[in-house]
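Read from first to last, the chains carry the letters A, B, C and D; within each, the first residue is number 1.
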Amino acid sequence: MSELLRRILFLPDAASSLAPRVDRLHFFIIVTTFIVGAGIGLTGLIFLVRYRRGRAEALAPVMTAPAWLEAAFAGVPLAFFLLWGALGFQDYIWARTPPREALDVYVTGKQWMWKFAYPGGPGMVGVLHVPTGTPVRLLLTSRDVIHSFYVPAFRVKMDALPGRYTEIWFEAVRPGRYRVLCAEYCGLDHSRMRAEVVALEPGAFETWRARQRSEPTWASGEGEEESLLGPLAAEGRVVAAKQGCLQCHTLDGTPHIGPTWLGLYGREEPLASGGSVRADVAYLTESMMDPLAKVVAGYAPVMPSFHGRLSAAEVGALIEFIKSLQPERPEPPPVQEPDYGPLPR
Amino acid sequence: MRGGARHGGVQVLVVGGVLLGLAALSFGLSRLHLGAWAVPVALGIALVKAALIAGFYMHLTERPGGPRLVVGTAGVFVVILVGLVLAEASARIWPTLPPGPFPVTRLPGKDVEGPPRVAPPWRQPP
Amino acid sequence: MPLEDGTRPVVPRAFHFGDESSREDAAHLGMWIFIATEVLLFAVLFTAYALYRLTYPDLFQRAPAHMDVFLGTLNTFVLVTSSIVVALAVDSVRKGRDFAGAALLALAVLLGIAFLSIKAAEYAKHVRDGALPGAWYAYEAFAVPGANLYFTLYWVMTGVHAVHVLVGVSVLVTLMLRTLTGEFGARFHTPVALGGMYWHLVDVIWLFLWPLLYLT
Amino acid sequence: MAPSHAEGAPRGPSYLNAEQGLWSWLTTHDHKRIGVMFLAVLLLMFLLGGVFAMALRVELLTPGDTVMGRLAYNRAFTVHGVVMVWLFLIPSIPTSFGNFLLPLMLGARDVAFPRLNLASFYLYVLGATMTLWGVFQGGVDTGWTFYTPYSTATGRDLLPVLVGVFVVGFSTILTGINFITTVHTMRAPGITWMKVPLFVWALYGTSIIQVLATPVLGMVLALVALERVVGAGLFDPGRGGDPLLYQHLFWFYSHPAVYIMILPGMGVISETVCAFSRKQPFSYRVIVWSTVGISFVGFLTWGHHMFVSGQSTFGAGAFSLLSMLVAIFTAMKIFTWLGTLYRGSLWVTTPFTYVLGFIFLLFFGGMSGVAVAVTSADLHWHDTYFVVAHFHFIMVGASLMAFLAALHYWFPKMSGRRYPEGMGIGTAVLIIFGFIATFLPQFLLGNMGMPRRYADYPDAFQPLHVASTAGASLLGFGFLFVAIYLGWSLRHGRAAGRNPWGSEGYEWRSDSPPPEFNFHAPPVFPRPPHDYGRPSAEGEVDHAA
């Protein structure tokens, strides 16, 4: 029954322990609404046919609702609404009270990506691995504007606010890949701020985590690269910070408003106008002076020209800095568009 | 006009005297450092003063009906706004605000990397 | 409403009420509703104050030590006195003594200007201290988290109030001039009463700002 | 009084031709002319917002960029929201039909403060101009809600928009002050509080909300402006501020604003449902008290916009409970309207078709509102297309249907002419079905988990988006038809006569169009406003096609 309703209502798979609770109430409300709505529609229709005025003006009887009917008009819906409110609030408290033994994950929203980190490492961008059958507590915060962490299949949503933590918890019930969306408007790429939750069997999760700890394919470590920089590259970093380059370009491999600088130097980049270009000194310099000439595919042509704002020495330093940003290991797997086909069972 | 004669200058002066007295009282009480009671007492005195001004200087005593309804409604909605916001905020689980320090002396131009943010959570677990 | 049937009435438009008394009723009611909107306008600022007082209780308790309590209190007495003067002025005009009324209004205007001057002196002191609102806050003696919020609230609340005082002063000046031309008297004095009400409103708001910002 | 139908031809000039020339319109103090001017500007705004709505629907036809990029999309939905909410829906019925009819329905010669009324119109025009200029010049991309900290951080120039909306708000306040004072002080002899027409009650409730809530919005927008200009920090967590404070203050205005949009519509329906079933309201007092109840309790529920925003659990529960209370009043009204239809003498006309659509759509809009006010369900639905569909059911399905009902019902009163009735009914059916086709798929999209304000979406969502866009084009054609036949009728419609609907409403006791000061003689209203129990006093029902 509930499976049928779920399909009729286009609800995604109920993949968390919260989802059936939310859905049950959802079905209760929807079914009641449709029964009463059909009743109202039918009543209106019957009245329309039965009492339709002919050409001559008929005199309608004088009638006023008796007091008991007026009370019923208010009382019956109120009873239903309060019942739903109470049932919903019960589930809401449950959904916002994480169990003590829950696994903590720190979630940081940032224009326009999600970062996940376990207290003892590792940290990931765009993919959150969780074990099934285990409560997971998310501690959300944001680094810029308000975002909202939303997993439709889990029926879970919580805003990530800058400067404070919010928390929510869920328990995935079966392995699979579930899409994460940002539900609070956060700017240009709001609609592309996606990530995914990968739910693994507890055993598989432990194996994954152990492997990640020993040889992280990619761990976030801002500030670590500083010690490795040469003097010119270090100066480039200062220039990048001062000129605001880092507001659009990341250093950690995540695409932002502009392409990431990590591993950029020497890479073959596809262009929006078709074709591709190798990101060498000439291209990087041109992009600073006339950014709209060759825009990398997938990015908006929004970069301002730095012609006249950067001295030759600064340009050199910047390029040296970008050169220094080579991933030590093979590049982290790009955040792929998750495959949302039927879930493997 | 209605009741115009009743409100002589004497009455205005008497009410004015009371107002000045209450202001002095409020100031005096603030020197006593009443602790938790300071705000309620000060607001209470302010309310009395406001009622006196509204009633006598703003002619509310002469105008039953509409105006009193309006003032009462406005008062109720101020209480609703302040009250519900406070009720909600005081029930939040603290500390949802990560501990400081907030850079209070930030001047424009100093913030090169946008607004200041707390340390990443993996460095500073609460 | 005596109208000839079918002809276009020649009664001036503003006289679409029955008589002066009901027109005065309507004017007062309208003014009260306007005052209600002003109250709700300031309620926003009081809400912000309340929320941050809840968030930073100690700080808001210590903050008045950094305010000029003497000037603030002086201003309170100036404003209350001006309110008394305006009430006397309205009373005089109602009784037909319009010259006395105008003189009292002039006195109230002077008190209003005095209020603004004292406020300006106080602002100047804060500017010297660096206790500026928002991003410009640089007051070394009170550099704790949230102190900037206290001073931002202080500036916004007193600033919005000062704008109201300024408007009130110009209203009083207009009323004084119109009283001098003999426009108002025992028979017609609604504008004076309404202008007076606006001034009292400004006074009442200060009576709440003063204890919150300077005393507690 | 009581001229027969043959004498229904206006005696003397009407408000339309009492004075001639553009200047006489621009400087008029006549509430009817001001109402008509408001109506004209509002329809222009509706057209603008509608064009952008169509652009949005076309963009959403396919995933990725269809006709515009993400940036253009974000700007377009901002224009759509800002224009529709601030410049069309909030002032719509009160300033146009309210201005025109309120004094007529009270037997007054004008509103209490005619000059203030004109000032309100010019403030509105000024504010609307500033807002539009600001939106287009600044490329504002914040959405109509201006949420901080995005609105304080975005690089677009937001100030003109904030000032513009502030000014429009001020215009709303002036209208509100005017209406409340008029209702209190200018009722004709015999119209006691419990004999006030239901539309006037609705306007009264609306005005209370406008007067008490709008200043809060004004101050909040001023604070956002301050945040942008001096970095005030009140909403900036980096300076110790609380972004939730903005949401509290904003929704303290904007939730009651929903009732500003719907209450006048409910008033229109209460009038028309009686007029076209020739029956007294099933319960006058239920409608009156639910109107007052909505305008009061509507202020207590704003927190249900913040269930997942980091609000405390206690706060969420309290606001959820209070939201349930406000829904009751709408339910009471729906049942009362249905009861009014019962054993009535139903006359199927264009306004009546909209009435039926209104009742049906308001029910679903209201129930989906209750559903999203249930805390746990909102965890899934918050900020998805379910919410989008919900508030479009209320704002388009209900408010706009009521606006169209009012437009058709009072068209003869305002212009003195009839429109082609068959055309009207056909278009009404088209609009109602187009509406359902547009927004029903959006409920399902919300269930699937499509968040709002998305320029781009995963492929799985596409079929429903296509359905929605198809429905939207039906809706667009419907509005186009309305514009065409009403425009045609303005010049070529048959003369309406004094009371073409045979309505007992007080406004129909005057000529159509009414003379400059509404009534030729001081009106006397011996009967209650919706007293259809007896044969019509004037007996001049014009039963045509």
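We take it that a contact is a pair of C-beta atoms (placed from the backbone, for glycine too) under 8 Å apart; a residue touches a chain by one contact, two chains touch by 3 or more.
Computed from a predicted model, the values in this text were never measured in an experiment.
Peer 1: Enter the minimum step count from subunit A to subunit C; a value of 1 means the two chains touch.
Peer 2: Tracing touching chains, the least step count from subunit A to subunit C comes to 2.
Peer 1: Report the chain whose mean Cα position is at the greatest distance from that of subunit A.
Peer 2: Ranked by distance of C-alpha centres from subunit A, the top chain is C.
Peer 1: For the interfaces B-D and A-D, which has the higher count of C-beta pairs in contact?
Peer 2: Between the two chain pairs, A-D has more contacting C-beta pairs.
Peer 1: By C-alpha centroid distance to the whole-protein centroid, which chain wins?
Peer 2: D
Peer 1: If you average the Cα atoms of subunit C and of subunit D to get two centres, how far apart are those centres in Å?
Peer 2: That pair's centroid distance is 34 Å.
Peer 1: From the C-alpha centre of subunit A to that of subunit D, how far is it in Å?
Peer 2: Once rounded, the distance between the two centres reads 34 Å.
Peer 1: Please work out the Cα centroid separation of subunit A and subunit B, and write it as a whole number of Å.
Peer 2: So the centroids are 40 Å from each other.
Peer 1: At least two partner chains per residue is the criterion; list those residues in subunit B.
Peer 2: Correct list: 66, 70, 73-74, 77, 81, 85, 89-90, 96-97, 100, 102, 104, 106, 108, 114-115, 117.
Peer 1: Where in subunit C do residues touch at least two different other chains?
Peer 2: 25, 29, 33, 36, 40, 43-44, 47, 51, 55, 135-136, 145-146, 148
Peer 1: Out of subunit D, which residues touch more than one other chain, so two or more?
Peer 2: Where subunit D meets two or more other chains at a single residue, that happens at 149, 153, 180, 184-185, 212, 216, 231, 237-240, 242, 244-245, 248, 310, 313.
Peer 1: If you look only at subunit D, which of its residues touch subunit C in the complex?
Peer 2: Listed in rising order, the residues are 11-13, 18, 29, 108-110, 112-116, 173, 176-178, 180-181, 184-186, 211-216, 218-220, 223, 226-227, 230-234, 239-242, 245, 248-249, 515-517, 520-522.
Peer 1: Quick one: which bits of subunit B touch subunit D in the complex? Just the residue numbers, please.
Peer 2: Per the touch definition, subunit B meets subunit D at residues 65-66, 70, 73-74, 77, 80-81, 84-85, 87-93, 96-97, 100, 102-104, 106, 108, 114-117.
Peer 1: Considering the complex alone, what residue numbers of subunit C touch subunit D?
Peer 2: For subunit C paired with subunit D, touching residues are 1, 3, 5-9, 13-14, 16-17, 22, 25-26, 29-30, 33-34, 36-38, 40-45, 47-48, 51-52, 55-56, 133-136, 145-146, 148-149, 152-153, 156, 160.
Peer 1: Sort out for me which residues of subunit C touch subunit B in the complex.
Peer 2: 21, 24-25, 28-29, 32-33, 35-36, 39-40, 43-44, 46-47, 50-51, 54-55, 73, 76-77, 80-81, 83-84, 86-88, 91-92, 94-95, 135-138, 140, 143-148, 186, 193, 196-197, 200-201, 203-204, 207-208, 210-212, 214-216
Peer 1: What residues of subunit A sit close enough to touch subunit D in their complex?
Peer 2: 9-12, 18, 21-22, 25-26, 29-30, 33, 36-37, 40-41, 43-44, 47-48, 51-53, 55, 57-65, 69-70, 73-74, 77-78, 81-82, 84-85, 87-93, 95-97, 144-146, 148, 150, 152-153, 155-159, 161-164, 166, 179, 181-192, 300, 302, 340
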